[in-house]
Structures are given as C-alpha cells and as structure tokens.
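One structure follows; several queries about it will come next.
A, B, C and D are the chain letters, set down in written order, and residue numbers restart from 1 in every chain.
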C-alpha cells in the first residue's frame, strides 16, 4: 500500500524519468561493453623494445616490389632474428616455441582491419605520417586490447568511411567509390 | 536529354573486341570468374540465374545450311559514357566518377532493388541470387582482387578495376606515372587471358595506346549506339552482318546508314 | 518498488525515449547493415604477397605454360606466360580454371581401396603401396598378366610405365588412350615416312583444316590460336586465310574465312576430290606414286563430291583458286573431335601437302623424329598400342591381364562403345587407378592412388601433337605441399618396382624428367622457370599414300541412319577432366539444359528424321543409346547430327554428375579397310523420337 | 459478445460468423507470411524473378495498389481543400483503402529489395537524381500522413472515444485534417509521378523512355492522372463490394456517382494524353532509335492486344461510360466502368514494368518470358488478406460510414 501511495505521490513524471535515465545509462555505458568483445594479441609484441634495439619501422613494415604494402611482417621475417630465444622476455619464448619453430603464421589481430570490400593503397598514402591513421606504437610495450564488434566483426579502431572521405575531401582527392572499394 | 551532363575524364579505359578473332572458347569467361570470385553454380544451364559478368553471346546470320555463319560476342559491362544505370540507383551504389570512366558498383551499399538491371539494355548487371558458397576448400583459391558479395546485391564487370589500382601502385613504386600508365600496364583478366588476342584494352584517349586508333577504325562499332549510352566497349568486325546485328538497323532496313551520333 | 500499470507504461515510454538518445538503435542499425556486408558464412579473401610462379599446367591435353598467381602462397589464378614461345601469354579455358581445380570436390583426397560395389575406404599410403606390390609380386615374369593404360600422350611417365612393365615381364602390356598422334604417325608410315607429323600454322598463309578443330580442341590449341591471332591484327588486313572443312560450324569454323560443311563420313572423299581439282588445275608432284594417286583422285569427280558432301562443286573450285593463289598453303587433317579417324583420313588430307610440295617447308607439314628416351628399356612412343583394341581383346578373352594400371586415363568413360569397354574392364581382377580426380575409371578401380594436381607435381611434355618442331616443356610444383594426401604416380611406381627387385635407374619422377632434359640437351631449371626447348623444323620424303588410299572404302548410309559428329569443346573438359566448376557458365543453354544434352542438326536433317526443336530423342548405335533433346542448328552438315563430348558423367562431383549423356556410348568401332586400325570417326546412329 | 464495441446504432453479424470469416482470411495471410519469412531467410531466389526480369509481380502489384489507393489523397484534396462536402460520406473509406494500399506496398518493397537490412540507406545515402529515391521518401512520408489520417477514425471508436483525452485528440486532429490532406496531396502527386518517372527516365529502354518537361518525363504526369482517374472509383468498388458482402447499405449512390464522375473526368483527361503520348512515341521516338512498333511486341504473352486492351477497352470505354451521366447513373454500368478502369490502370503498370524489360534490345538476344511463382503470389495475396483484415475490423468496430445508420433504418 505504501509503495502504491509513493508511486501516486510521485505523479506522472518520475517513472518516465527513471526509464529515460536507465535507458541512457544502458545505452552509453553498458551497451558498448556488450557490443564489443575484448581480445589480446597472441604474442605480447613490444614495439618499444624493438625500437630500442635501433630497428627502423620500415625494416619490418615494408613495401613490396609491386608497390603493395607488406603490413605486418610474416613469420619468416620475424624468425630472421627470433629463430631461437635471445632474451629473457617470456613473450619471446612464446613466439619462438609456438610460431617460429612450428612455422605457423602468428594470427595477429589487426586494429585497423578493413573489410574485403576495401582496397587501401599504402603507396598512395606514403607521404602521410603513419600515425595520422594508426596509433603511435613506437613507445608501446604491451599491445592495446583489441575490441571486436560482436555483430559486424570489425575492430573498434577500424576507420569508418566518413573519415576517409573527409580527409580526401579536405585534400582535394577523389572520393570516387572505386578509389577505395573492390 | 534529361538534364544529365556527361562527365569527361582525362583517362577513358576502353575495350576493343575483335569479333573476327573470337573463337568463343570461353577462356575469358573462366578468367573473369576466377578473378572476380564468382562461385560455381550447380545448374549453370539456367542462364536466367547465373552470374556472368562477362558473357559470350552467339550471333547467327540466320541463314540455312550450308551458308550459316556464326560469330561470338563477349559482352562485359559497357562502362557507358552516359550510363542508364547510374542515375537510377536510389542509394548511390553505382557511380561513374573515377578517373578512367569505369562505372563502379559498390556491394556494401547496394540494397538490391534491381532498378539498374531494369535500366541496362545490355543485361550487363546481375543480381546475386544466392550467397557465394564455394565447394569445401575452394575458398582457399579465392582471388584477393574482388570481395565476395553477399546475396541480394547487384554486381557487374568493372574492368577488373583492382588491377588498375595495383598498376598505379606499381607505377609509384617503380618511378612511373600513375596517371599515365603505359599501354598494357593495366589489363583486365579477360583481355590478358584471351588466346587469340581478340580483346584489346587501354586508354581510348591516349594516342600511345592501341585502342585509341582501333576504336576509330572503319569496322568499329558499339552496341545499340542509337540509344546514346556511349559505351566504352567497341567491337570490330569485317563481316557486315555482324556489324548490323550490333545495332537496331534491322528495323529501319538501312544497315549502317544513319548513325545519328558518334 | 511496486509499479501500477500506468507507471509501468510511463517507465517504458521513458526508456524508449531515452534509448533514442543513445547509440543503441543507430549503431545497431549501422552494425546490422555492416554485418550484411560480411555475413559469417561468406568466405573471406586471402591476404599476403601476390606472386606469379611458372608452371606446366597439363590439365588440357597439350599442357599450357602458365604463371600461377598465388596470394600468401595459395594459388588463385593461372595467367599466361608471355615469355613462353609456345603459349605466348595465352591460356586455354581449362588451364584458366587450374587453381580452382586444385580444390575441386571431385579430387581424390587420399588413397582408397574398394570395400564393396561403389564403396571405398580411405587407407594409408604405406598400406596402399604394400597392396600394389603384393598384387604385382606373383605376376612378375608372367607375360601379359600386367597391363597399363596411359592417357598422357606426352609425359615421360609413359617411359617409366612401359619400362616397368617390360621389366616385370609384361612388355606388351603398355597401352595408350586413342589420340590423333598415333593414327597420324601410322599415316606417315603408310606414306613411306617416319616420325610424328607437325603443322607450321605460324608460317602458313592459307590453312585448310579438314576436320581438325585446330583453334579450339585440336593440337596445341593455344599456340594455334596465337598463330591465328597473329595473322589478323585488329584493324588491319589479315595475312593468312583460314578455311575449315568439317561436320560442324564449331568454334574454329566460326572465325574462319570459309566454312565447308562436310559430313564426317565424307572426309576422305573431300580430300581426294580436292586433290583431283588441284591436279586438274596443274598440280604435279615428284612422288613416285603420283600416277596412281592421280588415277585414284580422278574417281572423285565434282559430281561425286556433291554426292558425298552435299555441297555444291563451286565451293571446290573456289577453294582450289584460293590454294593456288596462296604462297604457303597448309592442310591439316584430323578428326573433328581429335580421335577415331583412322589413318586413311589423315593420309588423304596429308597427301595434299605432299601434292602441293609443302612437306618440310616453312608454313608446311613437318616431321618430328623420335626424341631420345630417359629410360632405354621404355617402349618407343610411335609403337604404342591402343587401349580400345586391348579392351576389345579383354572382352573376347584374347587378353587376360590380372592387374590393370591406369595412369591419367579414363577408359571406362572415354572409349568408343563405352558400355562394352567398361564391361570388359570389369573382367580384370585388380584395377589400380592413378588419378587426380574421382573419374569413371577410378570409380570402378579396386585401388585408387591419388595423383597430384599439376601445381603439386613435376611433369613434362614432349612433342605435344601438332607442334611444328620438336618441343619440350617441363614443370615443377608451385606449392610446397599438396593440398590432398597424394603421391606422384611415377614415384609410387618406381618405389613398387624397386620392391619387386626392378631398378629403372631413378628414384623419383623429377629425376626422370631431369634426365630427359639432359638427354635433349636442355636445361631443366630453365624449363621449370617457364622456358621451352625446341629442335629444328624438318621434313622428310613422303609418298602420296596412293597404295593405302586405294583401299579406302566409302561409308554407306541408308535412310534411317545419320552420321554422328561428336563435338569437342576444350572449355567443357576433356576425357580426363569433367567440366571444371568455373567453366560451367561457358556451356550454352542451346547445348545443355538442366540434365538434358541438346543434339544439333540442321533443319533439313530434322525434317528428314521427323523431329522438331525441343523433341526428346534417342540415338542408338550397337548396344549403346543416349537420350537428348533436338536443337536445330544450321551449322551442322547435311545428314549429320552433332553431339557434345564430355557430358554424361557418372562419377566426378555435384557439378557434372548426371548431366547430359556420354557420346562415347554410341560411337561404334569398325576396322579400317587396308590398315586394320580401329576407327569410329565415321560412326552412324539411328534416331528415334521418344 | 463484442456488441459494446460496435459503432453507435448499427448492426453487425454474430461474433462466431465474424470469427469464421477472420480465420478464412487469416489462412491466406499466414500462407503469405510463410512465403515472406522464407524470402527473408533464403533471399528472393525463391521467387520467379530472374536476370532478365528484375522487376515482376511485386513491382506491378505495388504500382497498381498505389494507383488504386490514390482515392485517398485525391478525395481528401477535393473534400478538405476544394470543399466538396458530399464526399464526407466516403472519405473515411478512402483513407482506410489508402492506408492499406500504401502500408501493403511498403511491406512488399522490403521483401523485394535484396538486402532488407539496408532499406534505410534510401534515406541515409540518397541519390537525389533517382526517381526511386523520390518514391522512397514520398511513399514513406505519405504513409505516415495516412496513419495520421487514420488515427482519429480509430479514436472515434465508441469505447476509446469515451476517454476524454482521446476524444479531444481525435477532434483536434479532425480540425486540422485539411493540413494533412494538403500535405498528402502534395506528397502523393509527387510519388505517383515519380513512379511513372521511374520508367520514363530509362534511357536504355525504348518501350518506357519518354521526353518530358524539365526533369520529369511525360510518364510522370500520365501516372498522376491515371492514378486519380482510377483511385476514386476503386473506393466505390470497395464500398459496393462491402455492401454486397454485408448486405447493408453504406454509402448512397449519389456519392458513388459523384466519385465516378470525378474518376471519369480525370480518366478522360488521362486517356487523351495517353493516346497522344503513345502516338508520338510510336511515330517519333521509336524510329529515332532504329526500332519499330512491331519490335516492341511478341507472341501472345507480350502481344499488341495488351496495349489495345489497356488503352481502348479499359481506357477509352470506361472514360466514356463514366463521363456520360446516363450511363454513370446506372449502378451496373458504373461498376462495370469502374472495374474496366481499374483493370486498365493495373495493366498499364504491368506493361511498364514487365513489357519494358522483356524486350530484347540486343538484336542477337531473344525474348524471355516471366511468370510469377507461388512465393510472389502468396506474398501479394498476403497483402490482399491484410487489407481484408484491416477493412473487416474497421467496418465492424469503427464508425467508417456516416450514412450507414440512416440508410439502414
């Protein structure tokens, strides 16, 4: 009885407000968490350590002869240095034992993963800073968490089309569909 | 006619197909399927449901034996200068806006209304009736050059456009000019594979490319020229009956007499 | 907190309103649309470096020198090798589907042994190999107990096979599937010469193809197409004329300057009538039998020509004028479907080259002498025995092999009177099929030993039939590891021979091929990198073959029967390869409709037979019959019905099995007068409406 | 048992009978629903549509029901803007018919597009040059307008109307109905036109292509005219059908004849221009593309008889019948003319949809034929059943016909 009274007492607005606020909280706080699954890289790769060893970015992230971009180096490239454990970092041991020795490619998670229907030419964007699109990994010791959209399968960091279009528009570059789609 | 302004491009990729050299062997269709990840169909004899970005038609002079003659006509997308399909698309899934004049078709944008199919007199557009499911394991042989399309979208030939992007990248890497590729630097799969060399490909506007002259040859013609869609695909044949069949001369009875435009 | 109904409604309304101000709906819509771009059940593309590796793609009978494009090491496409002088950047429609064929659902995935009618069980390689050795051991030294059929015309595997059989005491047991190379080589012998005939299309300015479907399924197709293409630059004048005389307006005929509809029963008559007219127009030749030849040809008057072919004699006059005007005319004789024509049809056509003095000339007919062998004890290629005769002997009990080894061949499907042949095969106690695909022969074998796909193996090709000069191609695997549990058949046989105490001097096929290359003076590595080895263009002294031709007997047709013209289209597959999945689209709906094959005939023939477009008919010959629908096609010669080859598969995969019917079932074998060869190119059939 | 819900002072059949009727209709509805779910699950591969016929029964159905539903906006225009007061007797019915037609058409459209999940792209990524974009915008907006027009009628339901808030809401909406009628007329005119424009702009399809005025081809105007030439009389036919079914008089014949006169006048104008248009098309445009009138037709299935039936038998004839007072005032003749009129306009939509794309323009191509399969029929049937459901419920529980009480006393 008391409760009913209370409810009557609070007039029409309160349930509405409660519902409204609850929805806002659910939508802004809980929903993003639900929408994305968290994943970690198969090997804790430290850009920082590699950079401290004096390695150049372009030493691993290279262009091939046909102008295509190699992206993340293959196992073969990594194994050039890490065919055996060199240091004391446990992550290196994981790499050497699970991948270098078995010849299996490391299933790296790609933060900027674009779907198959996108063709992106790194060569055409060569003059830009890598960090204008990619996070600056040079100082990074532990790879960031990878958020994957449960429905679409995209990485949370995947650049959306409007960003590409905006930059193209600002720089007077064609925004033709075929510039980026295949 | 309806307020469309035909866009001009500095580069106009075009094809010249020599019908006197096409034996109809089908290698172009196979290469096209391979390049563009078209899944094999269980009943490909049902031509009303197949996906054939490039389709080789059989033309006949309609004469009785032994005077019968046939010719084969490969039909890619015509990449019309004044495309019928582009203005009708409600969601800008197809457009003709990139240097080179290739009519683009963007599968993630397409809602599958099929208005463009109704608009295209060449039947160059195909609806993806079923999901591209390959026999088990065959997906390992997918070409990296074309995305797989879900069912329910319209697709069509795009002159193997990814190869254009790749050719530009290669030019950049090797110090060439990506905006003025040499003849042959960019070739669609069909032109590349053709064993008799019936398909020539290049920039129609670049005098250094073979197609520039070939398209102007006296035996060159385009399909349904009178509809004024201005295809970027030209055909060549020395056989008059073949040239006649390319347009609707039949009705007027004046073969090749009045090409209103071009 | 309790809530009455009204309060609850307000709460819900508030919730809905609030939700509108969160990303839930908007992002949900967007994500759902994005999800529809990447449905989980749709395959993803492969990533990685794109490379092109040279390979010898022996999916077509000649073998295409291709570049296999790989992404991240996985083959995805075959493109031409512009460096290779034979294919010059062209690819045939079958080899163009090579990467997809590597993953064909019809592939045999591992060794299998038969455990019941139509039932197979995967077994381990070591067990399979042990089984092979066990079956062969008791037969060692018994003549005629081990037999082999090879469907590979050009590979050195044949040397290993025949040498192995010889070493095990069954030297006469090696047989090859019928192809024109063997009949043509016999034809050359009948003309007093020696060697495999070749044809220099590239150098000719008039090419008359009598039967030979040279621009689609005969000889080195891609090389022929390239040569043809080179003579007619787009937008400029043609530098050579091409004329096709054959039963069907096929792919070759469609681009020829002239098509002459000649029924398959009238091939010899056509050639000799042409010889008659050429001689009348003044052609002479120094051959010793010119007199006899002239007298023989004189019988083939224009009237006879009209009767035999149904064509007007004017076309003959026109043809003579064109040949006389040509500087380098070339006549290519062959069956329109590449087999079964016997030697006399070949001799009749080839004699025109002799008559015109075109043997050994640039743009003429050449003779290729036998290539050096890698294994000395191997059988000579030109003495190979044909599988059709062999199985006929098995049927009658004249041959009683206990074990049959089938290498890259499909005799259960691709021999004339296919039904009888399959039955005869059933008489053989133990059949081993070395096959990449689950073909009809594998499907009746007791042991299936899967062979690698061309991208997974070493292989070679010596003098593919039709090439003008000695030619050798070789290839090595494109991928590091086969995608199925396969072993190279030659490696298996060499190992089996070793266990039986027979050493052929090699351990692997790769070694055999390297030795072969060395024997030719070629560099294997250069060959494997897409190169080619060529010898010289040569001729030889040939007669006109008048003696043999005199024995030719004309085919008699009565009112009820019509000539049968099988049509071969390379894109639709070969005897050893059912239509590749990627090529199904190429098949027209005027050729195959659902599960029905369409039989083509011209309107006059249809009228004579009392059938019309779309009628279902039965074609019978001997014990065989096939069913099909009628399609009126004015491109078929008079009194002839044309039917596509390559359909009516009973094994393979869901894409081909049970589609259409097998024309081999109604090809009837007869003995060629004078040569004793088995022929079936002039088969006739009875047509009945059902 | 549900008597308390009936409108004031009218009789309705027993609940049992009504329930039986609803079950009968629901059977059709559910069968269509099954087909619809199948289409959503497997895609439109389950239909009879193919590479040559991307448009078929569904589009024809959509265009036809949208034309037939035009009674709503046009009657609204005449009633609220031009103040023809007599139309109040039938205006409610026109709104319901319009609502059914438009909402049904939208449902069919979501099935018809290959990617229903992306249906909203039409708003988010619109191509302003496409007539279809205009159609998408106008149809959805107008459907909303129809909802707004329908709502007050629902609120006037006897029990709902007892709630003061709803009563006032309904009243206020009524007062402002002229505004919505105006918006509706504007939107509807545009999308009826755009539907015609969709065909008229097909530069690669000589059967449909028309010159025109500014960006609008002649078909734009022809479609508007033809829609208003059949919509009003379709409402009359629906009304008469309901009268036959229920055995009750619902609208007086005078109003029906007035609707017939309106439709007839518009039809006459339409058919005059349609004949002119066809004449010019056959004699000027077709020859300019190297084609002839004969090439546009094939056999019986795509024969000339279709066009003549459309224009003469189902165009000129009903137009004359409807504008001639003596014929129009005979109920049988009025209904006959109405039926012919509706068939003619539907046939027109069919021809523009199917004949247009059936013609093989490549001279080496051949005619293909199209027949809708069960899935298309079932889903179209579902929409019809849906219409019957809405109409049955409305008739039973809502005060649709202001004259009913008086006429059945």
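One rule holds for everything that comes next: a residue touches a chain if its C-beta (ideal position, glycine included) is under 8 Å from a C-beta of that chain, and two chains touch if they have at least 3 such contacts.
What you see is a predicted model; the values in this text were computed from it and never measured.
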Quiz prompt | Identifier of the chain whose CA centre is least distant from the whole-structure CA centre | solution = B
Exercise. Average the CA atoms of each chain to get its centre, and name the chain whose centre is farthest from that of chain D.
Key: C
Quiz item: For the chain pairs C-D and B-C, which is connected through the larger number of C-beta pairs in contact?
Solution: B-C
Quiz item: What whole-number Å value describes the gap between the mean CA coordinates of chain B and chain C?
Solution: 31
Exercise. Take the average of all CA coordinates in chain C, do the same for chain D, and state the distance between these two points in whole angstrom.
Key: 60
Quiz item: How big is the gap, in whole Å, between where the Cα atoms of chain A centre and where those of chain B centre?
Solution: 38
Quiz item: At what distance in angstrom does the C-alpha mean of chain D lie from that of chain A?
Solution: 51
Self-check item: Interface hub residues of chain B, defined as touching at least two other chains
Solution: 47, 50, 58, 60, 92, 107-109, 131, 147-148, 150
Quiz item: Which chain A residues reach two or more other chains?
Solution: 66, 68, 115-117
Quiz item: Which residues belonging to chain D are in contact with no fewer than two other chains?
Solution: 115, 118, 121
Self-check item: Complex interface listing, chain D residues touching chain B
Solution: 43-45, 49-52, 54-55, 112-115, 118-119, 121-122, 125-127, 129-133, 135-136, 198, 201-206, 211-212, 214-215, 217, 287-292, 294-295, 356-357, 361-365, 368
Quiz item: In the complex of these two chains, what residues of chain C are touching chain A?
Solution: 1-4, 6-8, 10-19, 21-24, 27-28, 31-32, 34-35, 37-38, 40, 44-45, 47-50
Quiz prompt | Contacting residues of chain D [partner chain C, same complex] | solution = 115, 117-118, 120-121
Exercise. Spell out the part of chain C that touches chain D in their complex, as residue ranges.
Key: 29, 32-33, 35-36
Quiz item: In their complex, what parts of chain B are in touch with chain D?
Solution: 1-4, 47-50, 57-60, 73, 75, 82, 84-85, 87-92, 109-115, 117-123, 126-131, 150-154, 223-224, 226-229, 244-252, 260
